[in-house]
Structure formats: structure tokens, C-alpha cells
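Okay, so subunit A shows up in both of these, paired with subunit B first and subunit C after.
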Partner chain A sequence: MTVIEKDSLIGKRLTKMDAPEKTAGKTRYIHDINLPGQLVGMILRTDRVHAIIKSIDTSAARALPGVHAVLTAKDLPQKGLGVNKDNPPLKGERVRCERDEIAAVAAESEEIAAQALRLIKVEYEDLAPLFDPEAALRPGAPVIHESKPDNVAMAFDYSHGDVVAGEAESDVVVEDTFTLHRVTHCCMGVSGIIADFEATSGNLTLYSNTQVPFLHKREFAEVLGMDPGRIRIIQPPIGGGFGSKLDIYPFEPICVYLAQATRRPVKLVFTRAEEFLASPTRQPAIVRLRSGAKKDGTLTFRTVDILLDNGGYTSWGATIPFVMMQTFSSLYRVPHCLYHTKAVYTNNPYAGSFRGYGNLQATFAIEAHMDKMADAIGMDALDFRMKNAQVAGEVTPQGMDFKTCGLQDCLTLAARDSDFAAKRSAYAARKGAVGGVKRGIGMASMLHVGGGAKIYPSDGCGTNIKLDDFGHVTIMTGASEIGQGSETVLAQLVCEELGVPMSAVTVVNNDTDITPWDVGVHASRTTFIAGNSAVGAARKAKAKILAAAAGLSNLPAEQLDLRGGHVIRAEDGESVMPLAKLLRSLHFSDKAELVTTSHYYEPPSVHQDKGFKGNVSAAYAWATQVVEIEVDTDTGIVTLLKVWAAHDVGRVLNRLGIEGQIEGGIVMGQGYALTEDMIMVEGHLKNAGFTDYKLITAPEIPEMSIEFIETMDGEGPQGAKGVGEAPAICMAAAIGNAIENATGVRLTSLPFTPERVYRGLKQGAAS
Partner chain B sequence: MSPTIEITFTLNGMPKRISVDPTLSTLVMLREILGLTGTKYGCGEGECGACTILVDGKSANACLMFAADCDGRAIVTIEGVAIDRSADGLRQAFVDHGGVQCGFCTPGMVVQAKHTLDKQPHADRATIKRGLEGNICRCTGYKKIVDAVAAVSGTNS
Partner chain C sequence: MTAIERYLAPASLDDALAALAGGNATILAGGTDLMVQSHGGKTRLRPVLLNIRRLPELAGHSIEGESVRIGALTTINQLREDATLAKALPLLAEAADRFASDQVRNMATIGGNVCNASPAGDTLVPLLVLDAEVELASASGRRRLPINGFFTGPGRTLRQPEELLTAIYVPMPRLRTVSRFVKFGTRPALDISAVSLGFKAELTPAGLANVRVAFGAVGPTPMRGPGTEALLEGQRLTPALIAKAAETAMAEITPIDDVRATAWYRRELVHNLLRKVLNDVADH
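Now for the complex of A and B:
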């Protein structure tokens, strides 16, 4: 008999399951898929930012040979998309921002479609534009949507305690206005969709890059007036998401309308310039923050007033205050907090969700004030944070229940590894004078949901598992793969339960006709929620298998286990029989049974009340990042030298995957802080391409040192918490603090481009 | 219709003769006419490197090169790298070191990495980073890609 040694995959460096095909160029993204008879869809966008459409003449375009359909708003039901349902797929009466969709064409080739768009004549009557969100609130400002005469698209208000009392007991009070800029996702795979509609059956098959296939299905049904049961969404491998594919956008129903009009499959894929112009952005914000502390280092209060430039329509960007408020109320212990936000309509682009979801913006403001107050009361910046840091067991005034919290460990480790205290005082002693290259070190911490976020009626995910007669396991999960490695981590969790190697597992995660419901890839929720769901389905399969094995082996199921592809005796690891053999004897016998199971996991979190109080997530992720930089005070160039990142991730599942998430997040945060900026001039984007929109490239990355704090969350799968968004959140805040440490100048606007830094230093030196 | 140009070149080691429109890019020829979709469109202006191919052994952006200019040259795409058994180690290194996430930049990265190593088999990390400077990755933060290439060049620290 064979003894199977116990072996765990948890914490190992597992390679990504889909990586071999990706390195061979075999992976077929939406761009690589072509259906027989397919037409090219293309959208005419306005060149105005705010205007009445007087007429659209499509006659010449319709007459062009090879054009199969030309659609304008007149051809479609006027249903609005997005959070406020204020964004019709094609605009017929009025345009409100540069990206607005006016007409759409389906043609036999890209050249013909492009030529058809050029033949469409649109007459406009310009309206007074509105670009400044502060001006949007002034009396007499142009009204962007008649249904919202005050231009307020959305408002969130929150409070706990009494900020007046808090201010009265403060020894130091600081106040600043922070201006956060507009950046965009820059997924390497541009947006696209293929719509295949069969008129006689009414079946609609969509090949889509969405991160939320099941919500998408409902929204498509709503806007198209279709039975959702007739809609199937297939997700080919997705060339990056980062939150950009969380909403339904005009191009998607437009493509369906073109397919319905022509009765042919239609593929609509953006150009890179279109991707810049017409996909959502990160939400720009103006954050007014007033904070106080006592001399002994106790935080007293925080008053927050945030203005968001909502752009012409409302997508998820308007809802980032929901996440920002968690950071303001609960990253550190603050007894009194008053928080007001408004998202106001303008004629600028609108924002969607983007990795971090408002938390980069909130953390930037908070952590600047943590340094500023520590310095004002003469306390060490680390000690000040440690004194106010959340700890496990705390339930915050907002109702967040921190069952695990590694913030103090994150702070301690990141500070120790970076020699933070000694460097910060040494560099500060040398700051002040302009001239030459100066070093600085800066710190920031973050709190983010790590156990889902109960925003929708359900925050759950379903998993079906089947085992075949060779012992191969197929996992059908609702969770989408957008490059983050969810398929690998889900397979790993199932392998751990079923005692099979990774090579015995296939993950199916891309077809709403097959996979069980999931709310979507967002809120860093997939490892936690889909992971728990997969573990639940695997445990059900294991119980079935062991019950059957007990019957065959005359050993009680409790004395059996699964390991190394075998049913084993738990006490000594002795093989009872190979798993495949058991499955076959179950299948090809009088029992004639297949091992298939299903599990739906709903996290034990709650919907917040009207005052935004309640434990919205089943677990919370924590991190501290320290950065060391050089500032060339003669040029304003900031060079990021090294990042020390300490993350409370609950538990490391796939070490290779989680390192990749953190490194990628750090560099994305570096780009947000230093180089990326959508340059808008009167509502027009001036840098719609990688030549002028600067992403970080390989030679610019910092040295990265990553520490994991394993707090073993009781609710997490194998103790793990979410991590996807966390690593991008601290970078801008930490770099801002490091610039101050190096130069003595506090910069409150992003990004820290050489020009902004240089001007800031000159002004700082003069004042 | 504009007159087409007949071109002859080797594609992944095999002779190829086709007629192309003089305005056609190599990227569109590869993807739309020859069905080699491993070469990706990322920007169309030579900034992102997703369409990197080898032309006579030197890396080039297929989006910036006219198809007609392939005439008389040896073109290698990611599909050619994938059938080249001597490049298996490089592709495996991308897998083993976590150099792949969404994977959209990966074909261009692999081709560019191959070019870098062909020129300098023992390239150090700084050289590798310079070599990959023209290839954008939004997912990985580049470190694991550099680790992968450095593992092949034997300069991983």
C-alpha cells in the first residue's frame, strides 16, 4: 500500500493557469474573434462639448455602398444608461461632453464605416459650457440636465460625533484643499463588443469584456426591452479591467442595435484614441479637509467637504464617496467626523470605477494631514499613526467591524524595513534650501474592503463543481478573470479541499449560460467571495466522495480524507483507493451517480443604513507603504527609488500571484502620482494617446520590498482577505509626504509632474 | 481601388507571397489577412509595443510598418517564437516568474525579450529594462517580466 504525504498548496508560488497560452500568442481576446458574416460597427462622436443638435443628415452615409445600417437616436428607444439613467446610448437632442455618441454605422469594412461617419452632417447650436465643478454650483450656472436644475448629480453625507466639540478640544487644527486629477485605466486591450442577434429566436449572444456579466445581462435586458433569459454573455479573455468594465456604456447597446438592424453579427472595437476619449476615467476630486489632534497625539475630529466633477453623465465615479467616507471615518480612530460630498454635472468626461474607487483620493488628503499634525505637535510621524491606528476587535462609529486588523503590524514592519524614523529626521534636517537633489521618505496607510462590499441585493457568488471519471475537476464559477489570477486561486482552493493537483483542474468562468450568478469583479472581492463559494462547493463534493468511499472501504467517512489524487486513511495517509477509481465505481455501478455539487456563498456583511452605517464588508484589508524618493530641485523631477509595502492580506494563498498584484498596484499608483494626467482644455482631451499620456515603463519602476502580514481572517477562504485594489491606494499619499520630507514644501495637487513640483518649490521657497 | 503590390517574404520561417494594398500596415496584414492574431493592436502609434515583431532579427512595431516593406525580409511573429523550441525556455520563464497577468502585452513582451537576449544573451537587469522600455504593461508593474528575462540571461539577483 502507498502512503501519501500531506502537502499543502497554500502560500506556494503557483504559476497562472492561462499563462502558457498567453506567452504563445494563442489567447483569443475579443479583438481576435471574428464571426462569419460579421460587420464592423463604428460610432460618430460629437466634436462639441455642449450643444443642441439641430439636425443630423445621414442620407449620404446610407447611400454609401457597403453600409448596412446607419442609426441615430430617432431609431432607438430613448432609455438612459448608468447610475442615474441619464446617458442615452445615442444622443438626439443635445450633447453634453466631447465623447457623446451621435450616430452609429454598420459596414462591410473599417474603411467604409469610417467613410460613412465622415459623410454624416450634424448641425449644432452651441450652449454655454460648464467646465469648473465649483462654478456648477453657482447661481446662474448652465444647467446640464434639466432634471437636475442645481447640477447636483449625487450627494452623500455622513457624520458621527460632534465636530464642534472635537475642534474645541484640539491643540492643533490643520486645513487644506487637495486637488485630485483625472486619469484613465489604459487597459492594454481596448474596449470592444460583438453582438450576434437572431431575430426569429430572439436570442442575443454578446462577446463582451464586462467585469459584471450577470448585472450586465439585466441591464442589457432593461435598455433593450428584452427578456434577460434570451441574453447570453460570453467573456473572451479580457485585456485588463481595473474597474473600467463595471458599467454598461453606450457603445454596448449601440452594437446590439446595429446587429438587430442588420440581422448580422456586428463587432465594435475602439481605437486607442477612442479608448482615451470615450471610456470612463478615475474620478477627479476637490477635497477640503480640516483635521485636529491633541498635543498627546490623539485625533480629535475631521471635517470633509468633497466636490466631484461628475462630467456630462453619471457612471460609478459619482459613487466613490461611499468608499472615501470609510477611509475618513475609520482608517484611524476619529471620535468626530462630518463628511459632505457632491458630484456635480459639467461638460467634462464622466468617471467610472477605477481600482481603489476613491480611496487614492481620500488617502492622499488624510495622510498629508497625519504628517502635518504629527509635525505640528512635535510627535514622530510613525508614533502618531500608531497611536490612532485601528486594532482588531474595534467596531468603528460607521459600523465597520474589524475582526482582523494588521494596521499596527503594517506600520511597524514598513517603518522598520525602511529605517523610516531615522531617515525622516535626517532628510528633514537637510530640507528647505532649493538647489540640488534632495532625498525624502514618506509613509501612508490604507483601509479597504477585503471581504466584498454589500452594495447590491446580493454580494454573493455561485460555484458548480463536477468531477469526471478520470478524477478531473471542472470548476464553474461566476467570478470573472481579468488578469488578476482568480482562476488560479480558485483552482488552488478547490485542490486544497479535494487533494488533487492543479493539473487536474479546469476553470470555466466566461459564459452566463453555464456559470452560476456572481455580482462581478469589483471591490477586491473575488478571492474572498468566489473563493469561499468554491471552497463550499468543493467541501460538498468531498463529503459525497468520502461517503461513497466509506461504503466501499468499510471505514467510516470521518476516518477518510482526500490527498494526492487518492482517498486515504486520515490517520496515516495510507491510500484506500485512487480518487478516479472511486468516481468510476460510483458512476458505472448500480448507483450510477456523478459527483457534481453547487454552492452559493453570501458573505455575513450587511447593507448600510441611510446614514451609511453598518458592516458593509465581511473583512477589511490594511496596508502601509513607505517610499523613498529623490527630488531634483533644479528640474522638479521626482525619482521613486524604493517602496516598502506591508500588507495585511489575511493569508497568502498564491505567493506569486499576490506579489504580482501588489507590484502592479504600486506601479499603477506611481503613474497616478507622478506622470499620468488627462489634459483637458475646455472639455477637450489634448493627450489621447500613449505619446502624450505618460505611463510608467520598465526602467522607471522602483525597487520593491513586500511584507505580508497574515492575520488569518476567520471568514476568509483559508484565512485570506481581498488585495486587488489595496496596493495602488497609498502611493500618491506616500510620495506627497516624501516630497515634503525632502523639500519642506507640501504639494496638494496631483500629479507631481516636474513642472508642478518645480513651481511648488519656487513658491514654497519664496513664502 | 488602389493597385496592389505583390510581396515575397519569409514568415516564421516559411516563404510567403501575397498581394497587399500599399497603405496596409504589417499589423493589419498579419492579423486580418494572414490570421496571425498573436500580434496585438495596443495603440497604433508605436508607443505600446503590443505589436512587436522581428524583422530580419530586429524588433519593430508592426503597426508602424507598411506591409509592402516586408518584401524580401524575414518576419517572425509571436507564433514563430512559439514554434521555435529554442525559445521555450523564455516563454516558460514568463510563466514561472509571474510575468503574465491579463496577457495582452505578453506576445510583444516575449518577442522584445527574445530580441534583447538575442543581442545580449547575458543582459543584466538594467539592460533588460532598457530593452523592454518600449513595451507597456498595465498589470504587472514590470518587475516579474524583468525577473523572467533575467532568469534566462542568468543575471537574476
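Now for the complex of A and C:
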């Protein structure tokens, strides 16, 4: 007889399931998909930032041979897109920012479409522009949307305790204004869509790079005035999302209208320059923060006033205060907190969601103050954080319930590995703004949702599992793969339950006609929510299989298990029968049955009340990152030497995958801190390409030491928590602290480009 | 968009020069600037696209008397990888090492880099301090021009439309010559200079001789620094002289503000980087 040894996949280093195809260049992205009869869609964008459209003449474009449709606003219903429904797909009366869509063309080739766009004549009457978010609030400022005469797109207020009382008991109070810049996602896969109507039924199939297919169905239906049941969304492999594909944007319905007008499939894919000009940005912010502490190191209060530059329209960027307030209220224990935010309209590009969702901006401000207050009261920067760090069991005044919390472990481990305390005082003793190369070390910590986020009516995910006659498992999950490795983790979790190898699993995750509902890829939720859903479906399948095996083997189900593709005896691993044989015997029996199961998981979190209080996530992720840098005071160049990252991830599922997530996040945070910047001059983007929009390149990537703290979250799948956004959050804050440690100059504006650092050092040395 | 009417890839220089005679051709060598500029709508291609990559006279390099003759088609990677070239002209090899990426360096040619005449062109500052000359050929003859003065504006040179740049002549540096090249970009690779700086001088017992200082990306063309050169000529490097040279250099450049740097920052960089270079030479 065969004995099958127990072997767990959890914590192993597994190659992502899509990696072989991707590395071989075989993956078929949306660029590679072409439908019979397909036309090319292209959009004419405005060259103004704020103007009345006097006239649009499309006659020459329409007359061009090979052009099948030219659409302007008057051809479409004027339905607004986005969070405030303020962004019509094509603009007919007025333009409000550089990316505004004026007309769209469907043609037989890219060349013809481009030629047609050049033939469209638009007359404008310029309006007074508005670029400065602070000016937007002043009386007499240009009004960007008539429906919002005060230019305030969205506002959030939160408070707990009494900051006046908090300040009265403070021994030290610090105040700064932090200015956070505009960056964009730079996905390798640009935005794109193919719209295809079925001729007879009128049903619509969309091939889309969206990261929220089920929400998208609803939104498309609303804009198009269609029954959502007649819209099918198929996602080709997506070359990165990072939040950029979380909203519906004008190009998507435009493509559908072109398909409708031409009765042909239409494909619309951005160029790289267009991706820079017309995809969302991270939310620029001006953060005024006032914080206090007692001499013994106890935090007393925080007063926060944030102004967000919303741009011309409202996408998810306006809602980042939801996430920022969690950090201000609950990263450390702070008894009194008062928080105001406003997102104001300007004629700048509009901001969407971006990995970290406001938390990079909030953490940057908070962690600068943690260093500043520690230094002011003469306390070690690590001890000060440890004293105020959250611990497991804490329910914060905002209502967050930290059932597991590894923050103190993260702090301790990152500080120990980096020799933080000794280096910080040694470098501080040598610090200066002039005189060659200076070295510094800096630390920052973060809190982020790690068990979903109850923002929508449901934060759930469904999974169907099907086993075939040969023991092959198909997982149909609502959760999208956008490069983050979710399909591998879901397969791993199911294999762990069903005792089958990874090679016996297929994951179907890209077709709304097949997969069960999911809210989408956001809030670092997929491993946690879709993982729990997949585990639930697998456990149901397992119970069914073991019950059937009990009937055939004369052993009670409780004494059976699944392992290595077999039904085994739990006590000694002895094979009872191969799984495939059992599945066939169930199928071809007098009470014939196929093994399929379904499970919908809804996390035990709650919707926040009107005061934004409530346990919005089923678990929370924690991290501390320490950076060591050099600053060349002759040029302002900051070189990142090493990063020590300690992350509370609940539990490591795929070690290779999670290391990749952390490394990628660190590099993204490094780019945010040091090099990336959308350079705007009067509403126009001046660096719409990789020549002057500087992503981090290989030689700049620092050495990294990554440690995982496994707090084994009781609600998480196998104890895991979400980690997708966490690693990008601390970097700018830690680097800012390290620059201060090296030079004595506290820089409050990002990014830390050589020129900004150099200028700051000059000013610092002069003052 | 430009309609290219004819594509020519001649195998002899005479055929190439004949094709250029009407002044109606765009010259294609490595294409690393040309393709980007024409796709970006910054360069209008002429009706004839003339590929010069098959011209044997433009390839290779040789020592001719006191000079190195570098064929215009010599790629940037050949400047750094060819043992003879790298040994004879280490400054050019160093600039080549900081030039774009391997993929670009494999295609880009020195002739193209010179004719593109970018104020930030990576080989131009070294060629200026090395007293290089360019050789131009046309159907009516050949001429040689010093590279100092060859650049007349961003993207503009003394080359006429019917002329082809065939080679670059660089005098072999004399004994006891020190040279330095500094490229300042905001990152260690794949960057366009915000500022670059070249220095060359002979160290004689009496002091520095034949001093050359040149700058990139601080004016409409790569430029020599005559004031700085005159200040240093015949002198020994002292801390006071180095400080004065840095001040002089900062004052004689004509930088502008653009997306890569402000004029103020470029002046500061030239000041600090020249000071660093001269301190390094003084310690030599």
C-alpha cells in the first residue's frame, strides 16, 4: 500500500502561475487581441485647460476615406462619469483640463484615425484658469463646475477627543506644512478596451484592463442606459493596475459608442504619451499638521488640515481622506485628533486611486513629526515610537479593532537589523548641510487595511470550484489578477485544502459571465477576501468528497483526508483511493453527481458611521521600514543604500510572491520619494514620457533586507493579511527622516530630487 | 507625418554624396535620435531617406600621424570597448560609458551624436576639450573644421545639407595630460545630462598648459569656457585659484530653466563640479 507524506504548500516559494508565459513573451495582452472587422478608435483631446467650446467642425474628418464614425458630445447622452458624476465622456460645452476628450474617431487604421483627428477643427474661448488649490478657495476664484460654486469637490471631517485639552497638556508642540506632489502609475500595460456588440442580441462584450469588472458592469450600464445583465467583461492579462484601473474613464464609454455607431468591434488603446496625459494620478496634497507630546513621550493630540488638488473632475483621488484619517487617528495611540480635508477643483489633471490611497501622504507627515517630537523632548526616536505604538487588542477611538498587531515587533526588528539607534546618533553628530557626502538613517511605520475595506454595500468575493473526472480542479474566482500574484495564492490555498498539486489547478478569473461576483482589486483585499472565499469553496468540496469516500471505504469521514491526489487515512497517510477514481465513481453511479461547490465570503467588518467610526476592515497590516542614505551636499543627490523592511503580514503564503510585492512596493515608494514627478506648467504636463518622467532604474535599486512577522490573524486565510499596498507607504517618510539625520535640514516637500534637496540644503545652511 | 519618397542605402561614398547633392535627403545612421524625433514630430524627414550604414569609408578607426581618425559610423559602444580607442582616448570612452543604455550604444554613432548637436550630447564635451576636428565630404570636395565653433545652435551645425560627416580627427593627448569628464544626471544611468563638464590640461613643472574646459547643457550648444581656461593657463592649482575658476565658470555659462534643471541649479552644479574636478587634479 502507498503512504503519502504530509506536505504543506504554505510559506513555500512558488513561481507565479503566469510567470513562464510572461517571461517568454507569450502572454497575449489586449494589444495582441484583434477581432474580425475591428476598427481603431482614437480620441481628440483638448489643447486648452479651461475654455468654452465655441464650435467643433468634423466635416473634413468625416469625409476622409476609411473613417467610419466621428463622434462629438452632441452624438452622446451627457451622462457624467466618476465619483461625483461630473465628467461626461465627450465634452461639448466646456473643457476643464488638458486631458479633456473633444471628439472620437473610428477608422480602418491608426494612420487614418490620426489623420482624421488632425482634420477636426475646434474653436475655443479661453476662461480664466485655476491651478493653485489654495487659490481655489479664495473669493472670486474661477468656478470650475457651476454645481460647486465654492470649488469644493468633496470634504471630510473627523474627530475624537478634544485637541484643545490635548494641546494644554503638551510639553512640546510642532507644526509643519507638507506638500505632496503628483505622480502616476506607469503601468507597463497601458489603458485599453475593445467593445464588441453581438449583432442579433445586442449584447455587449468588453475586453478591458479594468481591475473592478463587476462594478464596471454596473457603471457601464448606467452610462450607456443598458441592462447590466447584457454586458460581459473579459479581462485579458493586465500589465499592472496599482489602482489606475479602478474607475470608469471617458475612453471606455467612448469606445462603446464608436462600436455602436459603426456596428463593428472597436479597439482603443492608449499610446504611452496618452497614458501619461490621460490616466489618473496620485492625489497631490497640502497637509498642515500640528502635533504634541508630553516630556515622558506620550502623544497628546493631532490637528490635521488637508487640501487636495482634485483637478478638473472627481475620480477616486478625492476620497483618499478615508484612508489618511486612519493613519492620523490610529497608527499610534493619540487621545485627541481633529481632522479636516477638502478636495478642490482646479484645471489640473484629476487624481484617481493609487497603491496606498493617501497613506503615503499621511505617513510622510506623521513620521516627520514623530522624529521631530522625539528630538524635541530628547527621547530616542525608536523608544518614542514604541511607547505610542498600537498593540493587539486595542480598539482605537476611530473604532478600528486590532485583533492582531505586529507594530512593536516590526519596529524592534527593523531597528535591530539596521543598528538604527547607534547609527542615528552617530550620523546626527556629524550632520551638516555642506561639506561633501553625508550619511543618514531614517525610519517610518505604517498601518493599512489588511482584511478588506467595507466601502461598498458588500466587500465580498465568490468562488466556484469544479473538480473533473481526472482530479483536475478549476477555481472560478471573482478576484482579478493584475500582476500581483493572486491566482497563484488562490490556487495554493485550494491545493492546501484538497491535497492536490499546483499542476492540477486552473484559475479562471477574467470573465464576468463565468466568475462569481467580487468587488474588485483594491484595498489590499484579494488574498484575504478572495482567499477566504476560495478556502470556503474548497472546504465544501472536501466535505463532499470525504463523505462520498466514507461511503466507499467503510471509514468515517472524520478519519479521512486528502493528500497528494489521493483520499488517505488521516492517521497514517495510507492511500484509500486516488481522488480521480473517487470523482469518477461519484459521477458514473446510480445517483450520478459532479463535484462543484460555491462559496461567498463576506468579511466581518462594518460600514463606518457618519463620523467615520467603525471597524472598516477585518484585519490590519503593519510595517516598519528603515532606510540608510547618502546625501551629496555638492549636488543634492540622495543615494539610497539599503532598506530594512519588517512587515506584519499575518502569515506568509507564497514567499516568493510576497517578497516580490515588498520589493516592488519599496521601489515604487523610492520613485515617489526621489525621482517621479509630473511636471505641470499652467495645467500642461511637460514630461509625458520616460525620458523626463523618471522611474527608478536598476542601478538605483538598493539592497533590501525583508523580514516577515507572522501574527497569524484568526480571520485571515491560513492566518494571512493583505500586503499589496503596504510596502510603498513608508519610503518617502523614512527617506525624509534620513535626510534630516544626515544634513540637519527637514524637507517638507516631495519629491527629493537633487535640485530640491540642494536648494533646501543651501537655505538650511543659510538660516 | 512625412511621406518618404525614396529610401537609399548606397554602398559607395560617391553614390551617397550624389544622393545628398540636391540637399533633399535625411541621413540615417544609428537612428537613435532620428527615429525618436521624427516619431515625436520634432523632425520632418526629407523625401529621400539615405541610410549610410553600408559605407565602408565611414567605418573603423586608424592612427594617422598625431591623430586618431574615428569613422563617423563608429558606435558609442565601440568607443568604450575597442581597446585601441579606449586607451588612446580615455575621456571619450568614459563619456561613452555614461551614454544612454547598451541597446542605444550599440546603434548610436559618434557621427550622429555630433550632427544631432544636442547641447547635452554626451560625446561633444570630450571632443571639445580634445580639440577634435570634423571631416565633411560633399560631391564638390572635402573640408575639415575644428569642432570648436562647429555647433551653431541646438540641433544646428556648420554642416551643409549636401555634406556628410565622414570622420572625426582627435589629436593624441600628449604625455602628462590629465583629463576628466563629469556627467551630471539625476540618476546613474539612462539619463540626459542636466550638466556635463570636461577638463584637459598638461601638467608641466611650471603649471597647467594647454588647458581646455568645456560644458554641456548649459547653453544653446556645448561650449568651451575661454575665461576659465585663460585663468588656469600656466598656473598651479591652489585652493584660491580653484575657487576663482569655479566662480569664473559659473559666470561664463549661459544656462536656461527647463524640465531637467533651473539655470540657477546648473550654475551651482558647474561651480561645485569644476571645483571637485580641479581638487582631484590638484591631488593627482
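Here is the rule we go by: the second predicted complex is superposed on the first by the 764 of 767 C-alpha atoms of A that agree within 3 Å, B and C clash if a C-alpha of one lies under 4 Å from a C-alpha of the other, contacts with A are read in each partner's own complex, and residues count from 1 in each chain.
Convention: contacts are C-beta pairs under 8 Å (C-beta built on N, C-alpha and C of every residue); 3 or more make two chains touch, one makes a residue touch a chain.
If you're wondering where the values come from, they're calculated on a predicted model, not measured in any experiment.
Q: Taking the superposition as given, does A:Gly243 touch the first partner, subunit B, the second, subunit C, both, or neither?
A: neither
Q: Contacts for A:Pro699 in the overlay, against subunit B (first) and subunit C (second): which applies, first, second, both or neither?
A: In the superposition, A:Pro699 touches subunit B and subunit C alike.
Q: So, does A:Gly665 touch the first partner subunit B, the second partner subunit C, both, or neither?
A: first
Q: If you stack the two complexes on chain A, which partner ends up touching A:Thr675: first (subunit B), second (subunit C), both, or neither?
A: A:Thr675 sits against subunit C, while subunit B stays out of touch.
Q: Examine A:Gly471 and indicate which partner it touches, taking first as subunit B and second as subunit C; both and neither are also allowed.
A: neither
Q: In the overlaid three-chain picture, which partner chain does A:Thr691 touch, first (subunit B) or second (subunit C), both, or neither?
A: Both partners.
Q: Check the contacts made with subunit A and report whether subunit B or subunit C touches more of its residues.
A: Higher number of touched subunit A residues: B.
Q: Using the touch definition from the top, say if A:Pro88 reaches subunit B (first), subunit C (second), both or neither.
A: After superposition on chain A, A:Pro88 lies in contact with neither partner.
Q: Who does A:Gly736 touch here: subunit B (first), subunit C (second), both, or neither?
A: A:Gly736 sits against neither subunit B nor subunit C.
Q: Common interface residues of subunit A with subunit B and subunit C?
A: Overlap of subunit B and subunit C footprints on subunit A: residues 691, 696-699.
Q: Provide the residue numbers of subunit A that touch subunit C in the complex, in ascending order.
A: Those in contact with subunit C are residues 111, 114-115, 634-635, 637, 675, 679, 686-687, 691-692, 694, 696-700, 753-755, 758-759, 762.
Q: Could you please specify the touching residues of subunit A with respect to subunit B in the complex?
A: 13, 15-16, 18-20, 22-29, 31-32, 185-190, 237-242, 271-272, 482-485, 656-657, 659-660, 663-668, 689-691, 695-699, 701, 704
Q: Which residues of subunit C touch subunit A in the complex?
A: Touch residues, subunit C against subunit A: 1, 184, 186-192, 259-262, 265, 268-269, 272-273, 275-276.
Q: Could you please specify the touching residues of subunit B with respect to subunit A in the complex?
A: Of all residues in subunit B, those touching subunit A are 31, 36-45, 47-48, 50, 77-79, 81-82, 91, 94-107, 110, 126, 128-130, 132-146.
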